[in-house]
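Order as written gives the chain letters A, B, C, D, E and F; numbering starts at 1 within each chain.
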Amino acid sequence: MSGRRPHGPNAPPASRASHASHAPDLSGDTGAGADGEQVGSALAEFRAFRERMNREILDEGNLVINRFFNLDGRAYEAGALDVKTKELLGLVASLVLRCDDCVTYHLVRCKEEGVTRAEVFETMSVGLIVGGSIAIPHLRRAVARWTELEQLGEGDAR
Amino acid sequence: MSGRRPHGPNAPPASRASHASHAPDLSGDTGAGADGEQVGSALAEFRAFRERMNREILDEGNLVINRFFNLDGRAYEAGALDVKTKELLGLVASLVLRCDDCVTYHLVRCKEEGVTRAEVFETMSVGLIVGGSIAIPHLRRAVARWTELEQLGEGDAR
Amino acid sequence: MSGRRPHGPNAPPASRASHASHAPDLSGDTGAGADGEQVGSALAEFRAFRERMNREILDEGNLVINRFFNLDGRAYEAGALDVKTKELLGLVASLVLRCDDCVTYHLVRCKEEGVTRAEVFETMSVGLIVGGSIAIPHLRRAVARWTELEQLGEGDAR
Amino acid sequence: MSGRRPHGPNAPPASRASHASHAPDLSGDTGAGADGEQVGSALAEFRAFRERMNREILDEGNLVINRFFNLDGRAYEAGALDVKTKELLGLVASLVLRCDDCVTYHLVRCKEEGVTRAEVFETMSVGLIVGGSIAIPHLRRAVARWTELEQLGEGDAR
Amino acid sequence: MSGRRPHGPNAPPASRASHASHAPDLSGDTGAGADGEQVGSALAEFRAFRERMNREILDEGNLVINRFFNLDGRAYEAGALDVKTKELLGLVASLVLRCDDCVTYHLVRCKEEGVTRAEVFETMSVGLIVGGSIAIPHLRRAVARWTELEQLGEGDAR
Amino acid sequence: MSGRRPHGPNAPPASRASHASHAPDLSGDTGAGADGEQVGSALAEFRAFRERMNREILDEGNLVINRFFNLDGRAYEAGALDVKTKELLGLVASLVLRCDDCVTYHLVRCKEEGVTRAEVFETMSVGLIVGGSIAIPHLRRAVARWTELEQLGEGDAR
């Protein structure tokens, strides 16, 4: 996270994985037989939208928006809590607020931080109990996304 | 709903209609002239995603998630209230919480329980007043889905 | 509901029970030993705020607000569905949206329509599953309110 | 807005721009090099769904729904506040409630009312601060939509 | 708002009116006959809680929280839109998100900026249509608060 | 968590700290000079309401509700993640969903699990960024509650 440029879940990813856009066709197309390449290009497509729009937003130069994007990145940096715990916090908050894009972003970050599948499921089980059955469609898409990330090499997820 | 396997709005449907996934392309493609086959295959595609993900989720063996899925099914079983009334409750709750997938699932179940078009519209009118204009885009998609179900034979909806 | 004056869950109640305001002290004060009179005066206090504010709002003469209040009343009138079913719909929608005042109002209306305690609990069980544990504090207050209504004579609830 | 037919953000647009349906493929496909024609046909497709469904809904003749659609239109008419200000109110409310379709509708209306890009960004910056990072994916899609509208001639947006 | 200290809707008010805490007893006690002094002391009590807690929060020195508080203030400063319009945006966003404290804060700010009663009602009518009947209890409390502010001299509101 | 009786954030606490009810007078009354006894009795009062209502709810014998209460407790038990992390997840989910009672419950549990003030603030900073300024009034009450818990001996918090 070098430099002072906006970063975080919603800022233009440099060396970190991208926050996939709210891409509808991601919802149902992760076939059991989907090969890694197909999966990778789907994530790549969403990352592309996310990066392009972040750039367009930041280039507008709205002070409040740009500072918020920067702050959004800082919220997940290590402090009293480590990065992994903070990503789990971001994941459960995104799930109960039912934001697929935000869930995808934090799943990508969790993968990078070495979170295990069991840890992801437990985090989401808390979100399911807190948020109720209304969270289930988002849970399905989240699990599809996580499985997709497991099929990719970690480096490809970026 | 024989046996003890997880069921309900978000569990793997066996003999009951499936909970269509939050599939984006369902939003606008229900042409007035859409023939039953096209409609059926769209619903089939979403059911496929829903069933596949439910299976993947339940196979993970997370106790809390699996029990919740089971409990989710029980909530709509007959008791002091009949099944039809409970499905209407599920429908209005899904509409005000703006969950398209959940709305689709309960519409399918309502169709199976013999709910009429007028009853569906009245239920959704309560949801519209309670939830406000923010519910209108979801109302549009719900009506498109209901009309789609009417065009199918009831058996095909499963 | 004679005449054309605004009515409904949020309109000035004439002969119907009032929609108690979001009154904080209702939350925890329903002692097991609370006598009917204390309970009645608490409900009376909230009805008073609700009625006074409805009058002040309607007297302002804002066309959109006044028509919405009127429409809000019509949404619960008998049609393809009976009044009792519509009140249950209003109750579950209010619970999942976590609005204590709205829950209180629909509980009062349910009591007037002869809904049983078991029916209220089943309706709220659907809301609990759909909305998750975040609805539990509202469930507690709803049950306290319902027990309160049972302790009152139906006539006193108005 | 002549006549008495239902209008507003969610009613069948006659001479005004349409409220694009919640169309998933709009999310990510606004290529930097997208020409106006492609953009226009995408908006046209969504308008078509919106108009068709509004017609189907209104033709059902549900009194509460039809009156609500009418009232929804009146809420944005000039009064103590001018139309432009009201559209900005509708925009920020739609953003914090995270309704992409509603955001799209109000962006189209803002464009018609001569709102500038800077005004749109400032309105959305308020929504971002109030609603938090969970609003960012919606902000991205909103900016993509606004840029799309700028690329169209105003007349084509209808 | 001189200097660089955190300000805004949720920061310690210096010379500006305070953001009353979510104080339950404000809900129903604004009697028609309430004299200014009673009203003033109620607002004063809530301001006291708000200011004390803001101080305690900021003194903790959490970088993300402190910067967010600062940014929250900047979002309402004049730019492409004037301060009055931005306060109306904050008001409608707060109403549809059903945050009584936030509504109270923006009403106080609106009063300071010379917003009229009719403008406040029109802003809230948009929020009511967008947010639905679930917003009505909040509307009642908002109107009670606004009337309270009118009874106070503007200077006393601080 | 001995026995099979319902437990968890919303179940009757036996040996664990209670989930204070959504008690309005807790909002603003934590005077800087409040002595421990006053604080303790406030928490005791809320625990009393919570426990009494949980008992009344569970005694009703609604299968779905009772099982959900049980499941709610299991969600926070140690597994792939430890109890402390799960309580932080519950805290941030409660904050972004803006449920004061739920926040209070998880703060009490965090105190029991040895979570530090800095960890609580960092967890809430994530919730603030995700949820936006609308969460600030809840943040204020959460900090007041946490400080209250620090003033109590851990044993007294139960």
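By our rule, a contact is a pair of C-beta atoms (placed from the backbone, for glycine too) under 8 Å apart; a residue touches a chain by one contact, two chains touch by 3 or more.
Keep in mind it's a predicted model, so treat the numbers as computed, not measured.
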item	value
Chain E and chain C - chains in contact with each	A, B, D, F
Chains touching both chain C and chain D	A, B, E, F
Chain D against chain A, contact positions shared by both copies (same if over half, else different)	different
From chain B, the most remote chain by mean C-alpha position	E
Comparison of A-B and B-E (more C-beta pairs in contact)	A-B
Duplicate of the C-E contact set - from E-F, C-D or D-E, the pair where over half of the pairs recur	E-F
Chain at maximum distance from chain C, centres defined as averaged CA atoms	A
Whole-Å gap between the CA centroids of chain A and chain F	28
Where chain B and chain F are represented by their mean Cα positions, the distance between them in whole Å	34
For chain D paired with chain F, centre-to-centre distance based on mean C-alpha positions, whole Å	41
Shared-contact residues (touching 2 or more other chains) in chain D	24-25, 27, 64, 68, 71-72, 75, 93-94, 96-97, 102, 118, 121-122, 125, 128-131, 133-134
In the complex with chain C, residue positions of chain E that touch it	24-25, 27-28, 32, 98, 100, 117-118, 121-122, 124-125, 128-129, 133-134, 136-141, 143-144, 147
Chain A to chain F touching residues, read off their complex	71-72, 75-76, 79-81, 85-86, 88-90, 92-94, 96-97, 102, 116, 118-119, 121-123, 125-127, 129-131
Touch list for chain E against partner chain F, complex	8-10, 19, 21-25, 27, 45-46, 48-50, 52-54, 56-57, 60, 62, 64-65, 68-69, 72, 93-94, 97, 99, 101-102
Residue ranges of chain F in contact with chain B within the complex	63-64, 67-68, 71, 74-75
Chain A to chain C touching residues, read off their complex	96, 128-135
